[in-house]
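Both complexes shown next keep chain A, but they swap its partner, so chain B is in the first and chain C is in the second.
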Partner chain A sequence: MIKIQSKVIKTIILAIIVIILIGIVPFKTSTITLLSTVLIYGIAAMGYNVLLGYAGQISLGHAAFIGLGAYVSAYATGVMGVPFLFAVLLAGIIPIILGLILGGVALRLEGHYLAIATLGFGVTVQQLFKVLKGFTNGFAGRIAPSASIFGIKIKGVGYLIMLIIITTLLAILIENILNTKTGRALIAMRDSEHAAKAMGIDIVKYKLISFSISAFYAGVAGSLYMHLVKYTQPDVWGTVLSINILAMVVIGGLTSVGGSILGAAFIVLMPHLVSEIPYINTIPSASIIITGIIIVIIIRFMPMGLITFVDRFKRRITHVRS
Partner chain B sequence: MTIFLQNIISGLETGALYALAALGLVLIFRTSDVINFAQGDIAMFSTFFGYRVFEKYMSYPFAVILALLFAVGLGYILERLFLRKALKLGIINKIIITMGILMIIQGFTVIFYGTEDYYLRKAIEMENFNVAGVIIQPNALFIIFLTLAIVIIFNYLLKNTKFGISIRTTAEDEETARLMGIPVGKVYSRSWMIATALGALAGILVAPKTQVSISMMLDIHLKSFIAAVVGGFSSFFGPVAGGFLIGVADNLVGYYWSLDWKTAIVYGILLITLIIKPAGIFGKVVRKKV
Partner chain C sequence: MLEVKDLSISFGGLKAVDQLTFTVTEGSIYGLIGPNGAGKTTVFNMISRFYTPDEGSVLFIGNELLDFKIHEIISLGLVRTFQNVEIIKNMTVMDNLLIGLHHQMDTNFFTEVLGLAKKKEKEFHKKARDILKFLGLEDFENEIAGAQAYGIQKLIELGRTVITSPKMIILDEPAAGMNHSETKNLAILIKRINRELGITILLVEHDMDLVMSICNQITVINFGKKIAEGTPSEIRNNIEVQKAYLGGE
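Entry: the complex of A and B
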């Protein structure tokens, strides 16, 4: 059998297989929406992974970037009439400004101080969403039109397939960034800032780069979320979402792009899966309790994340074959 | 002037609650390196318990004491069950464990107490004083002085008792504490017990304002983080001062500046404070050795 070495080709093949599967299997509409949500949070988590896993910077205000992306996209398509794909790009670029501000704060702070400063940052931005009524429409919320590319409306299965393509492209992009000088500089910075400095790595530059990348991914995710749900209001973009993104990355596996998507799938799907279990689903809020317990168990017994499980499984298969 | 004083007093009242919660937060953080995101919800759960006891069985003071004992027990169980074994994990993993705890507690709150709001009485129900035009609620005074008393007693115990010294040693350096023969495990569980009790007290005292509900601690919980950071994690006095500071600033900005922009401005002040003094106003900067 030919061994496929390139990670890029592997990722593309995986994406094509998934697309074909989705094309063949007749999923319910709710399932399609759920899977789309997984991919959207997966994109945000991938960006966050660069920040936390590679650069070692924590942020507890990441919902701010996703929210900003969503509002930018809604405003651009709904009010200004910008085409969809361009709006997605715009929704990625504008949060970078916010990311640079937060990165500037991170230059001075570290550890738990940074964690809580970013928490405050997230709350502030959420509050701004409530106050800046001209841009966000306040609590009334803002609506967005359906996504359309070159006049063709995309929804349901089509949207999911588009999401798979975008996720794949973004995953390849991030793998490539991380395999270059930038990625190695980020890792060096994470392991020891002083040592990295001594090696001639510009800490300021790379900290800002890591915040920008994660802000871009979060913004794109926000935009894609906006055109899936088509409505948003400020309550969505709170601390809970920020911590959920953090949980996705840690549960999936730090420093693993695939792990981010796995983590997103876990956090999004778990409550739904639990509520499918007979008897338990008669108890109100059982899903949140069980999800909580499973999170604790995973962190406790798999501190490197779910991806270790997948890796172990893969290794066993190759072992058997040889 | 009277309006200014009025704002200061109500600021001190909320500030006292932030301070109580922040003290608990810092205690847990300093001893066991956990940023406890479930602190607010543990307090909420204990307050619900206290409310149920008060409503059905007992007079207010006994119900409060029972609720505090309940919080102590809960703190002990949670620490032993979830965090003791996770001691060696990184700080981020521990944050996520507390998030798991938060979800579990929220789930149980819905099962046991439902999703409705309830009214809990004030600690002191007396006529308001009027000092030269400034209306003073006895309850507010009670909260402020109770907090100050707790902080003073706490700091006294910390300085002068064996247990206090063991807490400070563990906070300073866990490994050395072990070598000195300090039962570090006991220190962990005790600091959790104290912290959850402090949180529960804040919850009971804020209940007349927010109602007893599942989201009652949201504001205090967030502000207590900010208070801890503004005051600095490195002392047990800093977070209390930070709590009062945030409470007063919140009220003054809300009244004189803009109610809508209050949160943004207060957090803006926080960020600027942190950029100027990265370890908080009262914190010491610890330089890392290479």
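Entry: the complex of A and C
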């Protein structure tokens, strides 16, 4: 168990180093926003990884949870005047209700059928965002005030640092869950439902738990997105985003919390990096095409995701040391 | 300890198990045998609640098992293995054993989230290590379970049942896929589990040598019906049994 203890400390140390670096290096505002986006999607991907990687359940409608979190947060802070941090929590909790409904569907469906059902679920919720004008303000969109904690406004570098702290905290919480009883139960359920049942694991309970966790993380991510961008409308929360979250988890590494953030960084940053390359950036949509090709290559040669890269590197370091 | 009474089930008009009755007494090693397709595994699946019988009852230490759900059975002290090993292949051997402790772990979601469950985890690991030693698997603790030889995987699955400190283990073809020496070791192991740990065993098996050498009591079924019951020597000399196995008239 010392290993896990030190893992927590390692994560915290890493977070502190990153915070100091961000404090020192004078980043452009656009870079700060980009890095903030990476962490926000990283949070959503962490939650999604519990669902897909650990519990083996698929969802192609995950944008619905993120969108709901965003709207809840915007409504709570903008209309009801709820304090920011409380709104973030609320934006995590309310999507759980939706998560339990989808989890209920997952109890009856598996594999391809579940994928189609969740796809329909995502589309339905997106349409509801368009129709429920009292809550979402329809196509006109809803705005949200900037984040503030105890009356202090948080934006730019401050917001990024807050995101690093929240991401670290959420990563530690999820690692704690996955390294104990719940994590083992989820994996057992994924690999052999028969064995899981025979060993006393309540499949109904754990399927619902996995959907709840991922809905909570998605909702929190939605809320943090809302207070970064400060405006949203229904088109943002479509199937493209759901597929992107799926891609983040697969590319970063299934069953890896660190991999989820790595995958988010890849999907968010890659198009920007490719568009910096001379000549290529003159071709329209080249960045998206090249990102797509890289995804295919990664999946082909690194089925366990980019995190294998990091693991190999780590192993080499410990190898050299000894 | 286990009373199976008038158990029947049919699949699409075919009676797979027909009015089966037998009683397993505490402390025994009880064998359920029969030719291929006789309905042995079906009986196991009904006892462990994977199937719901059409008629009959299954009493385990006074509890009617048919009133319980699959995942609740283990808490009564009854645990099973599967014919085609059902271990969690992507997990380490240690984690596979810990799955067996799932229902006994009183840590909950919130203590886990806050990292308070770690101390308890240590105790669980110690218990799992004791079982690994008992099985002679102590060197495999951190190996990936799915990467092990078939015989080892079977032992891991057996270990996962033993760690639950059950009153009774039901084994579905424990020797299937094992070679001669592995089967011999298995026989010794099952006897040790029975004697040293005081666990009652009910097993379905094809390997006659194994059944005859370790069981105290045997029931033979054919086409879902009981055709004989008795000690190994009685069974060996039973004409009905010989007919069923050799297909003679």
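Some notes on this structure:
Here, the second predicted complex is superposed on the first by the 317 of 322 C-alpha atoms of A that agree within 3 Å, B and C clash if a C-alpha of one lies under 4 Å from a C-alpha of the other, contacts with A are read in each partner's own complex, and residues count from 1 in each chain.
The working rule: a residue touches a chain if its C-beta (ideal position, glycine included) is under 8 Å from a C-beta of that chain, and two chains touch if they have at least 3 such contacts.
It should be emphasised that the depicted structure is a prediction, and the values quoted were computed from it without experimental measurement.
Here chain B and chain C are compared by how many residues of chain A each touches, and B touches more.
By the document's definition of touching, of the two partners only chain B reaches A:Val131; chain C does not. In the superposed model, A:Asn176 lies in contact with chain C only, and not with chain B. Shared-chain residue A:Asp235: touches no atom of chain B or chain C. By the touch criterion defined above, A:Ala195 reaches both chain B and chain C. In the superposition on chain A, contact is made by A:Ile203 with chain C only, not with chain B. Of the residues of chain A, those at positions 192, 194-195 touch chain B in one of the two structures and chain C in the other. Contacts from chain B toward chain A in the complex involve residues 29, 35, 37, 82, 85-86, 89-93, 95-97, 99-104, 106-108, 110-111, 222, 225-226, 228-229, 233, 260-261, 263-264, 267-268, 270-271, 274-275, 278-280, 288, 290.
Chain A meets chain C in the complex at residues 1, 4-5, 8, 172-173, 176-177, 179-182, 184-185, 187-188, 191-192, 194-203, 209.
Across the complex, chain A meets chain B through its residues 52, 58, 105, 108-109, 111-113, 115-117, 119-121, 123-124, 127-128, 130-131, 192, 194-195, 239, 243, 246-247, 250-251, 283-289, 291-293, 295-296, 299-300, 303. Those residues of chain C that touch chain A in the complex are listed here as 48, 50, 70-75, 79-80, 82, 86-91, 95, 98-100, 102-103, 105, 107, 109, 112-115, 117-118, 121-122, 160, 164.
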